[in-house]
Amino acid sequence: MRLGFNLWFGGFLTVLVIFAGLFAPWLAPFDPVLDANLMNSELPPDGEFWFGTDSQGRDIYTRILYGAQISLTVGIVSQIINSVIGVTLGMTAGYWGGWWDDLVNGLTNVMLAIPSLIFALAVMAVLGPGLPSLLIALGFTNWSWTCRIARSSTLSLKSQGYIQAAQTLGYSDLRIMFTQILPNMLGPILVMATLGMGGAVLAEASLSFLGLGIQPPFPSWGSMLTDAREMMQLAPWAAIFPGLAIFLAVLGFNLLGDGLRDSLDPHMRTRKL
Amino acid sequence: MSAPLIEIKDLKVDVPLKGGKAVPILKGVSLQIMPGETFGLVGESGSGKSVTSLAIMGLLKKPLKATGGQILYRGEDLLTASKKTMRNLRGNRIAMIFQEPMTALNPLQTVGRQIAEMFVLHQGKSWAEGQKLAVEALAAVKVPSPERRAGNYPHQMSGGLRQRVMIAMALACNPDLLIADEPTTALDVTVQAEVLKLIRELCAERGTAVLFISHDLGVIASVCQRVGVMYSGVLVEENDTRALFSNPQHTYTKGLLGALPRLGSRTADSRNRLVDIDSIIADRSVLTQERYIAPRITEGGAAQ
Amino acid sequence: ETPRKGGTFNFTAPYGSAFSTLDIHGSPNIQEHFVTYAIHRSLYSWDSNNNKPVPELAEKVDVSEDGSVYTFHLKKNAVFHHGKPLTADDVIFTYKRLADAKNALPGASYINIIKGVAEFGKGEATEIEGLKKIDDHTLEVTLNAAGNPGFNLMESTTSIYPSDYPLDQQAIKPVGLGAFQFKEHVPGSQVVVERFDKYYEEGKPYLDRVNIIVMPEGSARDVAFRNKEVDVSVLGPVQYQAYQQDAALKDHILEVAETFTRNVGFNTEAVPALADKRVRQAINHAINSDLIIERLVKGKAVRAVSWLPKGSPAYDESAQPYAYDPEKAKALLKEAGYENGFEFEVTATPNESWGVPIIEAILPMLKQVGITVKPKPIESAALGSTVQSGDFQAYMWSNLTGPDPLTSLRCFWSQTAQAACNYTKFSNAEFDKLYEAARAETDEAKQMELLKQANNLLQEEAPVWFFNYNKAVMAYQPWVHGLAPNATELALQDYDSIWIDDSAPASRK
Amino acid sequence: MLKFTLRRILQMIPTLFVVALLIFVIFSVVPGSFATALFSDGRTNADPQLIERLNREFGLDRPLLERFTTYIWDLARFDLGTSFRTRLPVLDMLGERMWPSLKLAIAAMVFAVVIGVPLGFMAALRPGSLFDSVTMIGAVSGLSLPQFWLGLLLMMLFALQLNWLPSFGYGDGSIRNLILPAMALGVTPLALLARTTRAGVLDVINSDFIRTAHAKGMSESAVVRRHVARNALVLIVTTVGLQFGSLIGQAVVIEKLFAWPGIGSLLVDSVAIRDIPVVQGAILVIVLWFLVINTAVDLLYAAIDPRIKQE
Amino acid sequence: MTAPILEVKDLHVRFPITSGGLLGGGKRYLHAVNGLSFDLARGECLSVVGESGCGKSTTALAIMGLQEPTEGSIRFHGKPMTGPQAPGRMARARAAQMVFQDPYASLNPRQTVWQSLEQPLRLHGVKDKAEIERRISAMLKNVGLTPEQGKRYPHEFSGGQRQRIGIARALILEPEIVVLDEPVSALDVSIRAQIINLLLDLQEKFQLSYVMISHDLSVVEHMSDRVVVMFFGQIVEQGPWQAIFENPQHPYTRRLIAAIPDPDTFLKEDTEALVKVLPPAPAGYRHMGDGSVPPNVFEPPEASELIDIGGGHLVRYLRA
């Protein structure tokens, strides 16, 4: 019963975010950047500005809709990078073993030992703020869990009869990895990636807060929240709505991830998240 | 004429589904186990052997539900017995050993303590006394150097030893009935032979009745006096072991016996083809209609 | 009203989450200077009321004819907290420490006006040539060139240390000449100083104790201030607005235009359009600076006219800022051939008053006249090096433009390197002429006149968008007296002049 | 056991070395330096000579390899160098910040354990119940909350509206200052603990040996006490340990938000001004902390679980 | 007699086990297979029996090229299959195939039966659609499935049917040798019979050579021509099936046979009679233990000899 709930509610929230992001230009009553009128700054929510305006006099509702684009991009792209790195390293390490496995394991341990936010912070400091840096910072620092899962899945799949059968049938290693192993561990990887998307959105917000976020003036929820912090008392709506958007989007990803896990493999342990 | 120790009457177990429907798991199983008797239950995977045994123990878990019939232990219905009564019976009067000796023991406690727990629970002994008795119990199941072994953790023991520990635990309180659910399936043949011998001897010695579950006809033959064959939630045939093996009645039983390669049956130049049930009977669903329950022959010779 | 003696003053240090060091020579940051002002003294100090440096540790200063030799007659009653009286040796000891290149102390750049500092720094000399001890209380200082050394020798980073006190102890238990002596440091929390009875100024200080509390978060200060837990609070834009609207608070606000000019500097080489003076003027006309100041900066700034800030001796009171006039801007752009607009990037930090938020605000305004602006965010730490290397199309910064106008305008002299401070690579023959003339002028009034002209020329040339001068605002509790409007940094207050009256809460009295 | 401990400790060295190398490389290519950062606030006019001098003073003009070898050599002698900004030994600066960080982490962890573990335990004992569903939805929500948003909301409510607690800062180190940041920081581990505890307990409950325990005739509560709790502890201890180990690193944002003088805020501040020795030191301390806690957890694990000791 | 198609000579497999020592230094070796030699004739079924962990699967994997032997050689039609001259996977694939124990794990859950059979064919150069179609249909029929069932996924089949699919996959490349690793031990008794029958039928039909690994002696007796009894990585007894079952010489073999829970044995009630009288060892030799004491797998075994006692019946004795 709860299984169903996770999946549909998480799916619903995720679809909502995707919908908001894709159709922002049509849904939003204003332009997120140019419709800034300082005369209208910090207005509370009303009929015209549903969620109020920010200090620049921009419509928060509009910016939240557009912000979904950033959050989705950050979430999806960074997780694709993570998954590709993690799966490639983990699968090859698990499959080939030996020194390569030791190397990958060592690297994974190092990556795990450095908190990913701090790692991302360092990478952002090198690359400077902005979306591409953010994608790299979040994409290259969070693959260790995916790698571990890919590795352990590969190890357990490797002893499965059908992998050995493929070897005896003359399949090359790469062919086995891509046609036999990869499809069979996509489930847990997908779950990790979905949960990771939530993590990436949160990390984006945190980095924005630390001053290393997305390129303004284009809105990201994290930077909206950060901007709003100074006007907490005068314009609480400017902090509440972006925060709520982050919360709901992350909740959506997390529930979806949980739901996928429950339906793909009821026995998969609660790992990172 | 002694009364049966356990009498199962028309036991029905279902998995209830939404909307009032239910998937039947046991479709009215009836059987009796006399005191001191070793009763074997065979049947293919999923036929309901374990469910029957768990029902006796009162350990049916969530989706499974006993929806009809009775399980009479010395005349008392276990299905309606209070929790407390069941707790006092379980382990104490009716004990059980499971298939996987690797996982059936708590990995974080010494085996000595796990056996001692039985004495603490049912005989009100202190832990120290329990430990002493546990060593004796280990000695009884022929574990070498039981004092040392009592301090071992399960992972420090081989599968055979672990299964002996399970037996020691089950027999700790001299139960009336021991339920052994495939106790040797996970073991090597030679170890299996030893464990079977142990069960056979200990239970005979103590007069413990045994409900022995296995899908291996050879194993059943080696320990049981009477055998029941289950098929798809139904007890399709029941008879004395010798009679059943020499003269199976039920189509499924026939198939089962014929499918078994028998040692020494192959001659130098030919082997007889093994029987394939599907070649005897096309529609398996009719198998549950057929039933052969042979009357019990008591010592007096009278059919019961 | 006569100052009341005694009491505890709870001061807030708003510029960081800790005091990074108590060895004040090591820190160029204002945050640590809040401690310096209590504990240490430099040769000169800033007179906030008259906007000029005045000798602090000397009773009398004699200046030579050519203006390059200064003789300081040190105060005879100045005593360090550990009991040693001030002598010329202490000054020499201090300056030698600063000058030593191996120490790489930020104060070095201030004392290098003294002759021989460079040679000493490189280890080519064992003494600083320009420092001569006449006797214990007389010190002769020879400068490299004529000029007032007060602007430099008043800096906190040139505070005089006692020559007999171990230097490594200065970071732990600092000892100086100030009105208060060090009591304790709770890292990340506060520094406590107590009245020094042998302070050289008669009758001062009034306070018994000052707690300098670390409070970087505006909202934290706000809460604490409203709860009367602290006696002063530096206000950010949002709070400034709120306090002005609050009847109970609005009468106890001290504000001053600080000597910082916020501006957007243009790279005329990277963006051809910006090489045209008319385009730069158009930008100045197209932006409604007053609105931004009112709305985003919440009025906590003074509209900039040109480079030199209000309060600079060379500020022209009669000059008017660029008027907000989009039509004129369009016309100018058309004239320059850019009626279809152009595009440029502004490198900016996240700073709320002179960073990306401001760029976001000018973005729609410039869009109206056809210019597309893109903010390019950068970390604060990287701004300096980026701008110095010329790797920008435009940048937003807040630059120190006081107190010495000659130093400030040097940044537009064509001989000044981009890496020094001529960030826009400004080069204008007329300006150079005015600047060089001013530099050579020894008469102060004439010099100021020349600088004024140069400053007005800058406005006309508009190498930057003149945004505003920072307005520093400090709220204080009604029982606090003796605060001064320090235009170099409002929060730097002479603690020895502060006193609190009877209306203070009991715990404070 | 001693050998095991020793081995685990030695195993940390290569990881630390690689981390040291990694952060050294990253921060040697970072744009801006301490010297230029000094002038970025516009308060001081840049002086190229001073910048050069500072860089020379900090050895930033020397070849990379040489810098790295000195750095590692110093590290090997537990010398983390001297802060550019304060000129104090980095070790001393970190020492000062360690206690507030630890205090925050401990408080957050206590908050998480005291609430999360019982919740998870109770949920697992009633799987599928309303209590279970509510707890688990709460837990996933807790994991989805942006920590600093939660911090802001807590601040708004408890400090600004109700005025019960101080909103910021370390104060005099009293519990009152600790409560809000610890709550904001503790929510994630709390939610995680509730989930892992539930999963762990459920796992144990469904395992064969619990069936054995029931078959022994134990009462439900005795089974939970004697068999479920201890076995579930293994997973809980691991999660608590892992969380505790990474909490100091995770605390960066909360420390910044609440102006908490911990390692995290020191790190961020130092990155901002490119005080590289402090940055490297802080990251190494955070990593070391993680590794030490992990090792401790492994040892504890071995103490609880006899299966580990063998190897 | 024709030349054997498979010759295994002095096969050793050792696994490095890392444990103990600081930083995981001290390496120990687990001696899984110790000097195994046997050969296989065309059309023959050779069974390898022994207890869990005695190295049966390792041997199978070595034959399949899935486990590199530490020492020794494996030759196929006289050509080496191991070492530097070993052929590639493709060539090996056409020589030998394998049927696995667990029918649930031996099929890729994400491929239809048809795909699992088609891919290897394509890989081995069969490109013609019609031919592929024909061969797969024929193979499915051979193992008792319909071509229509080929479109389904493995989870739609029962254990017995999956094992049939596994067999089809092993045979699709028409190998000469099929290695059967416990092909029926995971199956229900009634289904076991079907698979055994099927294997025997196919052997006859395609003149296959089987290496069958099993611990179930009754199955072994039923299927094999020759039997190899393994104990702790060594052959302790080897010979034609009658010799092994009717005249077991090694104490371990006797123990194994005695332990079989065969209904007939128990019903006849003459259990363990066999074990009691052990024929004397040849002069100068003594019997090995009966395997009731587990050996130390981290040490190489005690020196011993495999002695032919006639008719290809080999028994291992220790030197007296």
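So that you can tell them apart, the chains are marked A, B, C, D and E in the order they are listed, and the count of residues begins at 1 in each.
In the analysis below, a residue touches a chain if its C-beta (ideal position, glycine included) is under 8 Å from a C-beta of that chain, and two chains touch if they have at least 3 such contacts.
Keep in mind that what you see is a predicted model, and the values were worked out from it rather than measured.
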item	value
Shortest path length from subunit A to subunit B (each step joins two touching chains)	2
Most widely separated chain from subunit B, with each centre as the mean of CA atoms	C
Farthest chain (mean CA position) relative to subunit E	C
Gap in Å, rounded to a whole number, between the CA centres of subunit E and subunit A	49
Distance from the mean Cα position of subunit C to that of subunit A, given in whole angstrom	44
Chain centre separation in whole Å, for subunit E relative to subunit D (CA means)	53
Cα-centroid distance, subunit C relative to subunit D, in whole angstrom	39
Sequence positions of subunit C contacting 2 or more other chains	219, 379-380, 382
Residue numbers of subunit E (touch at least two other chains)	none
Sequence positions of subunit B contacting 2 or more other chains	none
Subunit E - residues contacting subunit A, complex	61, 64-66, 88-90, 92-94, 96-98, 100-102, 105-110, 116, 119-120, 123-124, 166, 169-170, 173
Subunit B-touching residues of subunit E, taken from the complex the two chains share	51-52, 188-190, 192-194, 196-197, 200, 215-219, 221-222, 241-242, 245, 255-267, 291-292, 294
Interfacial residue positions of subunit B with respect to subunit E in the complex	44-45, 158, 188-190, 192-193, 196, 215-222, 241-242, 245-246, 255-266, 268, 271, 273-278
Touch list for subunit C against partner subunit D, complex	16-18, 20-21, 23, 26-30, 101-104, 106, 108-109, 171, 186-189, 214-217, 219-220, 223, 260, 349, 354, 379-386, 388, 397-400, 407, 411, 417, 419-421
Touch list for subunit A against partner subunit E, complex	160-162, 164-172, 175, 179-180, 183-184
